[in-house]
Amino acid sequence: MSRASRMVPIALFASLAAIPILREAGLPIGGFLPLIAGRIIIFAIAAMSLDFILGVGGLASFGHAAPLAIGAYAVAILDAAGIHDATIVIPAAMLAAGIFALVTGAIALRTSGINFLMITLAFAQMVYFAAGSLADYGGDDGYSLDARIMWAGWKLSGRGGLYAVSLVCLFAAWLLFRTLTASRFGRLLSAARQNRVRVQSMGVDVFAVQLTSMVIAAMVCAVAGVLLANEAEFVSPAYAAWGRSGSLMVMVLLGGAGSLHGAILGAALVVLFEEGLGRVTPHWPLIFGPLLVLSVLFLRRGIAGIGRGDG
Amino acid sequence: MAEPVLDIEVLRKSFGALLVTDDVSLHVAPHRIHAVIGPNGAGKTTLIQQISGALKPDSGRIRLAGQDITALAPHLRARLGLARVFQITSILPEYTALENVSLAVQARHGSAFRMIGPSSGTGPEPMRALDRVGLAPRHAIRAQRLSHGEKRRLELAMALAVQPRLMLLDEPLAGAGPEDTASLITLLAGLKQDCAILLVEHDMDAVFKLADDITVLALGRVIARGTPAEIKANPAVRAAYLGEDV
Amino acid sequence: MTLFIVQALNGIQLGMLLFLIAAGLTLVFGVMKFVNLAHGVQYMIGAYLGVTFAGWAGGFWAGLLLASVVAGAFGLALDVVIYRHLYRRSELDQVLATFGIIITLNEVTRLLWGSNPLDMKMPELLSGSFQLVEGLRYPIYRIAVMAAGLAVAGGLAVVVNRTRVGMLIRAGASNGAMVEGLGVDIGRLFRIVFGMGAMLAGFAGVLAAPLVSVEPGMGDNLLILAFVVIVIGGVGSIRGAFVAACLVGLVDTLGRSLITDLSHAALSATTSARVGPAVASMLIYLVMALILAIRPTGLFPARA
């Protein structure tokens, strides 16, 4: 690993951690920047989990909004039942998303290429419409939470609370995926992307390796869903919309697939455009759209690849 | 005679009306190179695919070291000691030569699901395999940057690293220049100390140099079998190859 | 029973629109290996241009003709300027770039025509309805849409199966290297296929304009359905796209009415009003997952 690629993640985490501290210190950064940064962190968790299967494993899921929405709906359903204990909500969300990935992944992994893209999209569309049919949780209109989740009685409602928890989750996700990627399991997952048949002929059950990676990614993404629901205090089928899956994919590719920390850069860029520039002008897609096209034409490895001499 | 490493009995496979494997039986004895030859369309590739598990035969039986593998998944066949070298060079392009072989060694040594700790530390074995094929000095080079001949050697090293009982070599000399060919033949000849080999190859000079036994296929069926000398003298083989470059 | 017939006809009509979009999509992917998410944008552009040209040129027919041609030319221009640089790139690069094109053009449309839905008048000749059987009237325009879809399907079948270009398209879909080996100007073949596909999607947009509300982003959901169609049908196969388009159209339309009826019987009225449409919307995705689980390459794979 080059020096730069070690320093970039550290710098990223440091600047995300600095934002609320600077604000506490009285710097005039407004309430807007921490808000945006909080959402960047949450989407970075989701995008990083997608990067693990897509960038490392070559499994191009176009339905990664599904585990995000499942995590969010776990919050809504438990909220309606009066359960706000994080030690129940988070494991429940992870379990639900994990089971979803296990079942749908087992079917999706029978296909490859564009068919894999489309079957994962199909499963996410099912989640989207299923969420719309949950009449008790607002149906298409969505559901407003009664309260945020709590940890040992500590409510995540203060301005710094949810931000800090999200940042810790992002850091934990990064450590997890970095460890996995360097492990034998991760090397085989990456090897299967490079040459599936070769890995199979080494005696490795490629299907099991890939399915396991999809389940892990979905479970981590569900945590992002839990955080997102709490951040917005609102849940709706839009969490599973195909545009959301597309935008997670954009984050991964724009940041530089396979680099993990690139997902943070990609999430930052997308959220800054959608929600930052979106406040300035409703026509932000006129800048963001061409930027995507140009980045594909001229930056072959995303932002994380800039300066590595091979972008 | 020792128990055959690979034992194929009356294998049959058809695609629609086209019979591509027509009651083929074949035995590969330990530490011997068994070549399968035949004109284009003889069914060599489909035979290899049935042995490796990429295709399921319609009927018949395949045994590896006495164990029935006819219906086994490809990766499980590999674990029982079946290694492959592909017609089109098949390596992991983003990893170094050493990493390629290390991964193959690790795969043999245990679970693919070890998720904690870096994937290094496999001892001297991978380096020895690279040394065996003459790639030790190039171990730190990314596989995609190796020359064609070197990639071939790397693939052989990966196949060796799993300590196979049987190696399937599908046209290992395809695309190699004259110099590469000569040194690869020497290398291949030495491999039978390690395992039995089933060789499919178009280069007849190489086949006659390397093979201990030869089976000749034409239109999916076995038309001759024997030692290289017997095959050379066989009139049926000459007829099948008429018009082909022998 | 009469309701069932009407729904089945509506299903076929939706299927024909889907086929017009999916035909180009499946050929472009089959021949060029190009995943064009922005294909749905062609449909939207066709609809907007149709409305505009019909206003300028005085009538639906002029609008239909002009808009199809201009939409096709616009698609071709995009191909020449941007897409052809993406042919040899990975599927993911193609997805990212064409995703960028979608959001750009949706916004451009909003700028040029505003966010409010536009209306397109049906042509005089085809408005009104006629009696299918006793007590069952059906709009003429919808029949005309079906006829147009069938005519295009027939025309494409002739082009693909009987002409030299069609032979090359089929060869390209099953083995791209072979076509290049034949010494064909592959770039020209690509542009013919791409222009044809873009024009058909634009044509579908104009045809749909009187039936739907013309608004920015109207191509997005149809794009997803068109992808469902080509994946079910087997990527690269015109025949597969036709069969799958009819299947998706019918399943979607009939599913909606059947499930709403069934859930009315089983659940309370308010619950079924909410659950029914959602479950019905899931149906085509369920069908797709089922088909791909059994046949991972679709019903009529073009590639062996």
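Read from first to last, the chains carry the letters A, B and C; within each, the first residue is number 1.
FYI, a residue touches a chain if its C-beta (ideal position, glycine included) is under 8 Å from a C-beta of that chain, and two chains touch if they have at least 3 such contacts.
Because the structure is a prediction, the values reported are computed rather than measured.
Asks: Counting only C-alpha atoms to place each centre, which chain is farthest from chain B?
Replies: So the farthest one, by centre of C-alpha atoms, is C.
Asks: Find the two chains joined by the most C-beta pairs in contact, please.
Replies: Counting C-beta pairs in contact per chain pair, the top pair is A-C.
Asks: If I average the C-alpha coordinates per chain and also across every protein chain shown, which chain's average lies closest to the global one?
Replies: A
Asks: Give, as an integer number of Å, the spacing between the C-alpha centres of chain C and chain A.
Replies: 31
Asks: Based only on mean CA positions, could you tell me how far chain B sits from chain C in angstrom?
Replies: Between these chains, centre-to-centre, one finds 47 Å.
Asks: For chain A versus chain B, what separation do you get between their C-alpha means, in angstrom?
Replies: Centre-to-centre distance between chain A and chain B: 43 Å.
Asks: Show me the residue ranges of chain A that touch chain C in the complex, using the header's touch definition.
Replies: Residue positions touching the partner: 54, 60, 62, 104, 107, 110-115, 117-119, 121-123, 125-126, 129-130, 132-133, 135, 139, 242-243, 246, 249-250, 253-254, 257, 283, 285-286, 288-293, 295-297, 300.
Asks: Within the complex, which stretch of chain B touches chain A?
Replies: That would be residues 52, 73-76, 78-79, 82-84, 86, 90-95, 99, 103-104, 106-108, 111-119, 158, 162 of chain B.
Asks: If we count contacts the way the header does, which residues on chain A are in touch with chain B in the complex?
Replies: 179-180, 182-188, 190-191, 194-195, 197-206, 208-209, 212
Asks: Enumerate the contact residues on chain C facing chain A in the complex.
Replies: It comes out as residues 29, 35, 82, 85-86, 89, 91-93, 95-97, 99-108, 111, 220, 224, 227-228, 231, 235, 270-271, 274-275, 277-279, 281-282, 285-286, 288-289, 292-293, 296-298.
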